[in-house]
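Note that the chains take the letters A, B and C in the order they are written out, and that residue 1 is the start of every chain.
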Amino acid sequence: MNWSLFFGELVSGLTLGSIYALIALGYTMVYGILKLLNFAHGDVYMVGAFIGFFVLQWLGGALSPVVNGWIAVAIMFAVAMVGCGALGVGIERFAYRPLRNAPRIAPLISALGVSIFLQNSALLLWGPQFRSYDTFDLVGVKSYSIGNNFFISNIQILTISVSIGLTIVLALVVSRTRTGKAMRATSFDRDAAEMMGISIDRVISFTFFLGSALAAAGGVMFGLVFGQIFSLMGFTAGLKGFTAAVVGGIGSIPGAVLGGFLIGLTEAFATGYLPGGSVYANLYVFALLIVMFLIRPTGLLGSPVIQKV
Amino acid sequence: MKKVVVAATLAAALAVLATAAWGSTKGSSRVAAPANAGNALVKCGKTRSIGLMAPFTGPAASIGINQVHWANFYRNSYNRSHKTKIKFVNEDTMLGSANGTAEAVKGAQALGSNSSVLGVVGPAGSNEVKATTGALKGAGLGWVSGSATNTQITLDGTRTGFFFRTVPPDSSQSKSVSAYIVNNLKVKRVYIIDDQEAYSTGLADEVQAQLKAKGVTVGRDGVSQQQSDFSAIINKIPRNTQLVYLPWQLPPKGQAFGQQMKSLGRAGTKLMGSDGLFDPAFSGLGSNVYDSFFPLNPSDPRVAAFKKVHKATELFGAPSYVAAQVVTGAIDRACKNGTASRAEVRAQIKKTKIAASASLLGLAVAFDKHGDMVKKPFGIYHSVKGVFVRVA
Amino acid sequence: MSSLGGGPPLDEGDLPAVTPEPVDIPDRSRVGTDEWVSQAEARRTAQTGLSGVVARAWERLPAPARLVILIGPFAIFPFITNEGNLYRYGLITVIYALLALGLNVVVGFAGLLDLGYVAFFGFGAYLYGIMASGHSGHHLQAEIAIPIVVVATALLGLLLGLTSWRLLGDYLAIVTLFFLQAFVIFVNNANGGLNDFSYPFVGKVDLTGGANGLDQIDPFNLFGYHITTTKGYYFFTLISLTLLMIMLYFVNGSRTGRAWRALREDPLAAEVMSVPVNRLKLLAFMFGAATAGFSGTIFGAVQSGAFPGDYDVGLLITIYAIVILGGLGSIGGVVIGALVVNGAPELLRSSANARFLFYGVLLVALFVAMRPWYKPVVVFLGTIAFGFAVHGIASAVWSRGTEGHIQGGGRLGRALEHWVLLPNNPGSIAGWAYFALIVAALVLTMVRGWWRVVVLIPTLYLASFVWENKLVEQVSGATRLILLGTLLVVIMNVRPSGIFGTSRVEIV
């Protein structure tokens, strides 16, 4: 039994999975309330990664930051999350809100349009080149090991713990605060919630803010762990995030996290163990989705949806 | 439904009759071509037109723009020192973009119908060369590429006499690389990772076969060009691997791979790249990095002059300078008697002879019967203090 | 839930202000409002203006006349232009129109969101290549190969359609998208090489040439006649397109067409009314796939090769844009959509042309969107004056701001040099200006009346600034797609059924 391969892929999978989980959370929250597949979510993730990059440049660059490396990272997170939160609110306000009562296909196409717009604006303004976070120079990457077979780096630990931390914060917001209660009510029955005096517009905007902020955190983390960001990175990540949300049960927050980790682990283990692994890794992830549809269409932790006639 | 069936049958019959009436020729000839444009004589004025096909925009723009810069550099220096002028008719092929090779074919068709265009520099991708063959050949144009390296496109006979290239093919690169790995580095366990693009898989296949024939253990896998997270595949590489070969096109990806290798505790493994990765971003990784590149002379005064204008050497585009040089020279010779046809220009390209001392590539430029250069070595470089130094 | 009516948003000065409007969206139909009422506003506006007259005249024409008007220009086109233009504007447009018609059946008629559609296009090209190319060694004649390809692609469509039995809306979209990804990865690796699967009985086979593509595809060999010229392929495709349009017109009026519309509007109600929903879904998928496969053979023969990168998400978005622009469910609209989506970027390739188009569209949009007539005139004159003022101040205060040159030249360009700010090295200023432009445009949608006029003037000037300094650089690449994305969002907001589509009403 090749333990070093096993542990290596395990750590890779958890790291990847924590990023997918953050993206999946945004998808699942928006779908729960609006029943809308937000194609532009992956591109919000990309914008978050770029905002983090530009904040880093503004702070002096990876080689000579004005403040301590870790504080720079914290600032990058904060600015990216707030910035993308605002972006998400803006997208909802202008691309989705007017279409709330339109036929189902209209907001879907509008989302596609926003996605194309964001991708190509990034391409136009920031060029097709890859930008590097230079994590080595910024905070240094230290590798810890347990025994001969288990390696993990400090950035990977940071990624997994930040992801879990943010999920806990989100779960607390949704279950303990009044706004969270309003969100749950809206996703259960929108018209009833409106009649009970909840401002739907504000709840939806808040949902988008949260979801986009989480995606931005994912984007910054991706840049830190893997080093390279570019304008088209949102597409595949968004797809996998959506897969994670569906596999875990759309509309369920713990489901999204579970789905994210599951997808990440599938990708890592498929690459490591299956022939032609890395090339077909994406396909194995999608195959998992198909299998999930056939066995349990509502996802692992989702509740069955009853269609009223 | 019956109406539909009747309509469909009538449809098929009508279609057959109609197309038999239009645009049909007996016998086998290539696709979609205007007839006999190759032999039309054009009066050579003071300004001669050359088609320039390159990815000005799109995902490959970062390397396409290097080629454009070098081609324009040649044009500017030629125009300064000659009475006759050349100008480029630009066609953006958008390599790697949404419409794939369709843009290249559109560009080729446009150049074909432009009667003042006598020769073409480009396109950049081997797939684009294949797709545009019908249009360019049908128009009688000869074309010279500075970066289409797929070994087969000169050897399969469909483009002989029309297509030439000023860059050594993949077979040269793979031979040089595998020879160096076996004879100089003397490693026994190699892992190859391609990036799923045509250029990369072609090189990877050849190197893998050659290494296997010499008794080296070779593992093989691939990543997508869009991918940045290599941790999963790095973990898969067996710990006793001595060298990882990366025939990739984008230097930042090579840099990311090297950095992730380091962060996963694999800093000791050697890395060998291909000419696409010949860039300070890759050499900056450390002294375990090697690369292969055509033996351009970096101290050639033209490189320094180029760097002055464009702030970087952009060496990937240098063969396009030579391609422009070849086409221009051919047009000059064909135009000696005042008129030229595309067929004449093609014949003159075949007879190109540029001495090594005058050539930017550091070796003489002449074409063999397939369209490849006669001399086509590849050099191997080693990263010393962050800069590539030639070692073989 | 009810949907938007089909008309453009109302503007002041158009109606007497008796109808109290909901706070945010002026023309949203309310719950419980029936179809006649929700289309009342559309009817009122449709009777005014030139567009109303044209629309009603068009509707009164008999179908064959409409067909002739649509296809006529295409038929004449080859005789008035050269080879290169014919290929660029003609052949590619017609192939895309054929593709889009097939997609229109799946999405527009039957309402199934199929995001894997271009995989069938690629499948058609590759299969034809396997049967008739120098690469594979077979040289079947086209009259045998094409029907085989069409039938095989239809079967593939059937298989994919089976997934639609259990999946609704968005899930179907995702599954079909994954199918496309799987197709691209498969085709990129199926070259019998080291990464390929080993099939039972035959081992590794070079099916598709892998990343190098399947090259040397034979031109069409129909009963001994070879189609080798662009004109030949053009007419072949145009005739196929015409016949397909005729066939779809009949299908639309038949029982199957009505059943598809019922399926699109409300699958559950249709099923209750004993419409064979599952069979119809399969039929739609098969038809779309067959059309795509057929266009694939044409495309493969024209390019004499099939390459993996050609059949990916980018093409999917282009075809979707054609269908949405032209109107979901509208046959003629698809042809116009193809012309716009394919023709416009070609026109945009040279900066001078793009400039004309940009300012032209801006002017036209201004005069169409703002009524009564004096408002756009005020905006137009105001912007010009504003521009000169800013330019004058800038050249006095910030010399770097006016030193640059217009890209592309031309008379309009040179005239504009005196009006627009052209900094020598725009750098990040252009980026911030772009951002400011987006914010300004969004603010515009929130204000009304004379405020709109006031905000519009600096916004237009800013738009011109951003265009000249940033957008014009990448006109055929990123800019085209930015405009496409914006267009999609705007169309969905203003007229979700597309230009020629029929507006749909969803009543709950």
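We take it that a residue touches a chain if its C-beta (ideal position, glycine included) is under 8 Å from a C-beta of that chain, and two chains touch if they have at least 3 such contacts.
The structure presented is a predicted model; accordingly, all values stated were derived computationally and were not measured.
**Q** When all chain pairs are ranked by how many C-beta pairs they have in contact, which pair ranks first?
**A** B-C
**Q** Among the chains, which is located farthest from chain A on the basis of C-alpha centroids?
**A** B
**Q** If you average the CA atoms of chain A and of chain B, how many Å lie between those two points?
**A** 38
**Q** Determine the centre-to-centre distance between chain A and chain C, using the mean Cα coordinates as centres, and give it in whole Å.
**A** Here chain A and chain C have centroids separated by 29 Å.
**Q** Need the CA-centroid distance for the pair chain B / chain C, whole Å please.
**A** From the centre of chain B to the centre of chain C is 32 Å.
**Q** If a residue has to touch 2 or more other chains to count, which residues of chain B qualify?
**A** Those would be 58, 61, 196, 222.
**Q** Which parts of chain C, given as residue numbers and ranges, touch two or more other chains?
**A** 189, 195, 313, 317, 474, 477-478
**Q** For chain A, which residues are shared contacts with two or more other chains?
**A** Residues 235, 276, 279, 282 of chain A each touch two or more of the other chains.
**Q** Under the stated contact criterion, what part of chain A meets chain C in this complex?
**A** Those in contact with chain C are residues 37, 90, 93-95, 97-99, 101-110, 112-121, 123-125, 235, 239, 242-243, 246, 276, 279-280, 282-283, 286, 289-290, 293-294, 297, 307, 309.
**Q** Which of the residues in chain B end up touching chain A in this complex?
**A** Against chain A, chain B makes touches at 58-59, 61-62, 193, 196, 221-224, 226, 228-236, 239, 250, 252-253, 255-256, 259-260, 262-265.
**Q** What residues of chain C sit close enough to touch chain B in their complex?
**A** Spelled out, the residues of chain C in touch with chain B are 82-85, 87-88, 92, 134, 143, 188-189, 193-195, 210-213, 215-216, 219, 222-236, 239-240, 243-244, 246-247, 250-251, 254, 256, 301-305, 307, 309-315, 317-318, 346, 349, 474, 476-478.
**Q** Provide the residue numbers of chain C that touch chain A in the complex, in ascending order.
**A** Residue list for chain C touching chain A: 1-4, 24-25, 28-29, 107, 111, 113, 166-167, 169-171, 173-175, 177-178, 181-182, 185, 189, 195, 268-269, 313, 317, 320, 324, 328, 430-431, 434, 442, 445, 470-471, 474, 477-479, 481-482, 484-489, 492-493, 496, 504, 506.
**Q** Taking the touch rule as given, give the residues of chain B at its contact with chain C in the complex, in rising order.
**A** These residues of chain B touch chain C: 1, 3-4, 7-8, 11, 14-16, 18-20, 22-35, 56-58, 61, 92, 94, 96-102, 105-106, 109-114, 126-127, 130-131, 133-135, 150, 152, 156, 158, 196-198, 200-202, 205, 208, 220, 222.
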